[in-house]
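Chain nomenclature is as follows: A, B, C and D, assigned in order of appearance, with residue numbering initiated at 1 for each chain independently.
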Amino acid sequence: MSKEIKRIAVFTSGGDAPGMNAALRAVVRTASSHDMHVYGIYRGYEGMIDGDLERLERGDVGNIIHRGGTILKTARSKRFMTPEGRRSAYESLLAFDIDACIAIGGNGTFTGASVFTEEYKIPFIGIPGTIDNDLFGTDLTIGFDTAVNTAIEAVDKIRDTADSHNRLFFVEVMGRNSGYIALNTAIGSGAGSALIPESDMSIEELIDTLKMGARRKKLFSVVIVAEGNKNGNASEIAQKVQQAFDFYDTKVTIIGHLQRGGSPTAIDRVLASRLGFAAVEGLVNGQANVAVGLVNGKVQYTPFEDAISKEKTLDNDLVRMAEILAQ
Amino acid sequence: MSKEIKRIAVFTSGGDAPGMNAALRAVVRTASSHDMHVYGIYRGYEGMIDGDLERLERGDVGNIIHRGGTILKTARSKRFMTPEGRRSAYESLLAFDIDACIAIGGNGTFTGASVFTEEYKIPFIGIPGTIDNDLFGTDLTIGFDTAVNTAIEAVDKIRDTADSHNRLFFVEVMGRNSGYIALNTAIGSGAGSALIPESDMSIEELIDTLKMGARRKKLFSVVIVAEGNKNGNASEIAQKVQQAFDFYDTKVTIIGHLQRGGSPTAIDRVLASRLGFAAVEGLVNGQANVAVGLVNGKVQYTPFEDAISKEKTLDNDLVRMAEILAQ
Amino acid sequence: MSKEIKRIAVFTSGGDAPGMNAALRAVVRTASSHDMHVYGIYRGYEGMIDGDLERLERGDVGNIIHRGGTILKTARSKRFMTPEGRRSAYESLLAFDIDACIAIGGNGTFTGASVFTEEYKIPFIGIPGTIDNDLFGTDLTIGFDTAVNTAIEAVDKIRDTADSHNRLFFVEVMGRNSGYIALNTAIGSGAGSALIPESDMSIEELIDTLKMGARRKKLFSVVIVAEGNKNGNASEIAQKVQQAFDFYDTKVTIIGHLQRGGSPTAIDRVLASRLGFAAVEGLVNGQANVAVGLVNGKVQYTPFEDAISKEKTLDNDLVRMAEILAQ
Amino acid sequence: MSKEIKRIAVFTSGGDAPGMNAALRAVVRTASSHDMHVYGIYRGYEGMIDGDLERLERGDVGNIIHRGGTILKTARSKRFMTPEGRRSAYESLLAFDIDACIAIGGNGTFTGASVFTEEYKIPFIGIPGTIDNDLFGTDLTIGFDTAVNTAIEAVDKIRDTADSHNRLFFVEVMGRNSGYIALNTAIGSGAGSALIPESDMSIEELIDTLKMGARRKKLFSVVIVAEGNKNGNASEIAQKVQQAFDFYDTKVTIIGHLQRGGSPTAIDRVLASRLGFAAVEGLVNGQANVAVGLVNGKVQYTPFEDAISKEKTLDNDLVRMAEILAQ
């Protein structure tokens, strides 16, 4: 029988994502409804190593549900990749009498938790917080919907000026390993094409598509470029395309860290609330070393090893649809 | 064997919802990729009766994906409720050689289509466009996500002033028959309580909850009120609560038609694109007299009679969760 | 010779307005650059009476420039209208060794300051913070630009749905004594008409204008109604107009307290920063019992008695222009 | 005596700016109220040369006041810089019987108009539409307020993530010759510093300021960089600063063409309406070959030669204030 959980620690780690505060709020208040004490760890695994914990009560997470970023700060920790770092982290948790941990973050965060929980017997639950939506075990990750909306709003603004000038714009969005943001931005903004890591589209094929549009007197185009696509960054692609199009004036915009910020959308706030709630309920019900997710609208717990190793795959039909609709 | 479909008509009907234009764009362009001709009908069933149709080509739906409202206009039609009205409508469709229709709207729209297709042999596909999310056969309706985000942004603004003044705000959102908007707004805004049609919460229980908050020195509260709740409109409820709270200054805001407008969110644009695409693909594949929806991320076709008679039910666990998180 | 000012108190009072936090930040940091100590008073004159003051340092006002509301809270104080209340307030200031006060608020706040400074010899500077823009001595008050933008965004959303349905909308905005918000909202949203306190337009004249629009096949209209206009509230006016228009479907939206909230606009943040800066510089240079304002882009100090008694007048040419442009 | 003006042409030229459509609407409707006919010229001077004009009536400019970009399109014209190009342009105006022109644009647009009106006797009025606010003869240019708000919203989002990660961000905004956007963005976002064309601040001085902040445990900073500053682009500056700061993680964001797009703010819509109105009224009253502007809230007409040659100067006191408030 597992030990009763009375004190839990919670932290955010890796890249920040809009909605992390909403998840934190849900963790604290759900735990409080079970009469648990909650400690917030600052700066992720770094703060765990340094013993930088602080008691969080219901009121401490009031009025944060709508705030971007994370009030616990976040960091990437090299020290936690060493056995010595993890030992220090464990000692911090012992010093504060922590019975279980909730980690809010992405793949790297869960990998750290997975290694740690093999070495030390303390239950961890992961909450998927990353704008990239590239985690197995959940249909959506916290922050993804906000990032896509931010990117689409940016393309809406660019369209105003593209339309006024007959221009070709390349807009680079985040996504080193996955095209979720880029594909959804392309569909949602009505952009002509998306260059994504999962696709083999070459520059030549892109140019053919753009030429087809030009023949139909399409006066401007926007191409969405995911960081991790195979043809280079947005500026490099723009240069290559420019040579094939005398007609167009080519411009590049890199949305960059704007995508990580901003007040979370409805979807992200509700998702974060549900996952924070389910993480604590999971602990109460004996779940350990799993990531919590929503799959088909239902809470699901996935072992860390699956969450970090299995791949979530883009729906290729949507790529085809995006092309048909943009023509 | 069904007749090959060469000319389709598309219209928007009932209350408008953000994303209707994105659905329309997807219908026109998908049909065009199948070499079909598309006719837009203005003002829903009214325009069908009056023969107010116009050819729509690919370019006619360019640069509308981000626009609220509907470029085809919409209306409620009393004449279509009569056999004479429907006969005129049928004659219009004949006059334009229409082989199939795509209707974008809510329950009333689908009911009209259901009656019509029993009388006349012309295939209809319904696309669920309504901010209320109260249609069976799809997890989300077009416009719902935008409406919830609009309501949450409004509550965010109200919280600024509520927090500065120690006030109790009642915010009325749409939803005559369902609490989807109200519940998601309450969770997403961190509001104290939601009064929804599906719940039996009385004024006395609401007052108890608010008093509990006041004892914990919660300095302001926001209560979300769905139009169709059982305790009256927001102003009436505010008056009753005011009598029990000398401490608070009580204010009422009715978000009203703001919820119907605005540029659609990412979710609504992608959903509308997918459903518009699937509606045409459905026609091509022999679907008729069904509503298209997304269930667990997959396209699904539901007979009109089920879509209009079966009930979609709110997840009651979320009501409980909202209360725990708000305390 | 006036005593050197070493400790100042600052507070927000009356209705909150977006940008008050930006003004507060500017006061604290400018004072700090002069080596003054700053105390924040909570809840305006109420907190002054109760001695609810707290030291504010540079870091305490970090990361607040973009937040709506006021971190010092605000209130209206009946006690301060009595000699006893003002005496208690004075004693609080003495107890904290306060040499001067900066009051951020509107007409009521300045009136209180004016009475107080006649009774007690302590220099006050007023910073105009009110969404109504109805204060003499400054071209713009803090919060006005944000409120107008909020109202215009609301009308933009309403136009989406009005346009889709051929409707007539009445939108009520704040402004009991002045039409600044209503007139700017009408011009900025392209609305047909504005009913404002400064105008004598009757319901009959409004109906004539709307009928003229209808004859030109204008399919929808929005009328902006200031709270303080002479023809009743938006609902009453809508009812009267409805009787004259069978054609239109008439709807009412009351924007209400949304106008007080939200992140301040660029104009309001820059204005608040400049006025907060100028308030402290004014104290340093011997100004007392004046309101600071920007007139023609330059800082100006106006004695409280003028600021509260003289009237700022709307430019009537703009009313005429709004009508010409909307037709 | 000048000839009565019965037909005017209007066009947008150079870089587009939010609010150009609002100005166009005002021109068309004011002219219409004087019973003039209005022709819109597409793509600026290019369309004037090509005779690409179209009659615009009141209804043609309905529902555009809130749209970014320009429905008349815009372009930069090399042909108009030649005597042959200008002759063709003049012949187009003759062919359409145009009595006067209204040009909406920036310095290049006014320069073209100035040259043209010296060669051909046709009155021109310029309306200042450029996001840079660098035109003499008006306190504000159309599009500037929207661009600053867009930049500030971007910095607000970046601050969320900067604050969560202890980072130093360099945000590049538009402004080749002037620091208006950069300085207002810096003040409005509370950023630490602004590198602008008008200032001599060196990298070393910037590093000193940032080190001072670091000593005060300021955990993140944002530096606003105008394109035209003297120390290189944002990426180059970031690299140089990075070497001096081990502590910080340095990131760069280039807002780019986002600043040109988006729905215009209240200020820009009202300004554009007033200037469009005043341009036509000016023509009626015999003004010619002048730019219209608002100075101290009043309409003013400035000869083209002054508008394009005189310099508008930044208020240096504001640079100093920005530094004091950010510390």
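Here is the rule we go by: a contact is a pair of C-beta atoms (placed from the backbone, for glycine too) under 8 Å apart; a residue touches a chain by one contact, two chains touch by 3 or more.
All values derive from a computational prediction rather than experimental measurement.
**Student:** Can you list every chain that touches subunit C and also touches subunit D?
**Tutor:** Common contact partners of subunit C and subunit D, which must touch each of the two, are absent.
**Student:** I need the pair from A-D, B-C or C-D whose contacts repeat those of A-B. Over half of the residue-number contact pairs should coincide.
**Tutor:** C-D
**Student:** Taking mean CA positions as centres, which chain lies farthest from subunit D?
**Tutor:** B
**Student:** Give, as an integer number of Å, the spacing between the C-alpha centres of subunit D and subunit A.
**Tutor:** Chain centres of subunit A and subunit D, defined by C-alpha means, are spaced 36 Å apart.
**Student:** Please report how many Å separate the Cα centroid of subunit A from that of subunit C, as a whole number.
**Tutor:** Result: the chain centres lie 40 Å from each other.
**Student:** Multi-chain contacts only, two chains or more: what residues does subunit A have there?
**Tutor:** Subunit A, residues with two or more chain partners: 156, 159, 163.
**Student:** Work through the pairs of chains, note which ones touch, and then classify the graph as line, ring, star, complete or other.
**Tutor:** Ring.
**Student:** Go ahead and list every pair of chains that touch.
**Tutor:** In this structure, the chains touch in these pairs: A-B, A-D, B-C, C-D.
**Student:** Report the residues of subunit A in contact with subunit D in the complex, numbered from low to high.
**Tutor:** Subunit A residues touching subunit D: 12, 16, 18, 67-70, 73-75, 150, 154, 156-166, 169, 251-254, 256-258, 260-262.
**Student:** For subunit D, which residues are in contact with subunit C within the complex?
**Tutor:** Counting only subunit D, the residues touching subunit C are 25-26, 29-30, 33, 58-59, 62-63, 65-66, 139, 145, 148-149, 152, 156, 159, 163, 184-185, 187-190, 216-218, 263, 265-267, 269-270, 273-274, 277, 296-297, 318, 321, 324-325, 327.
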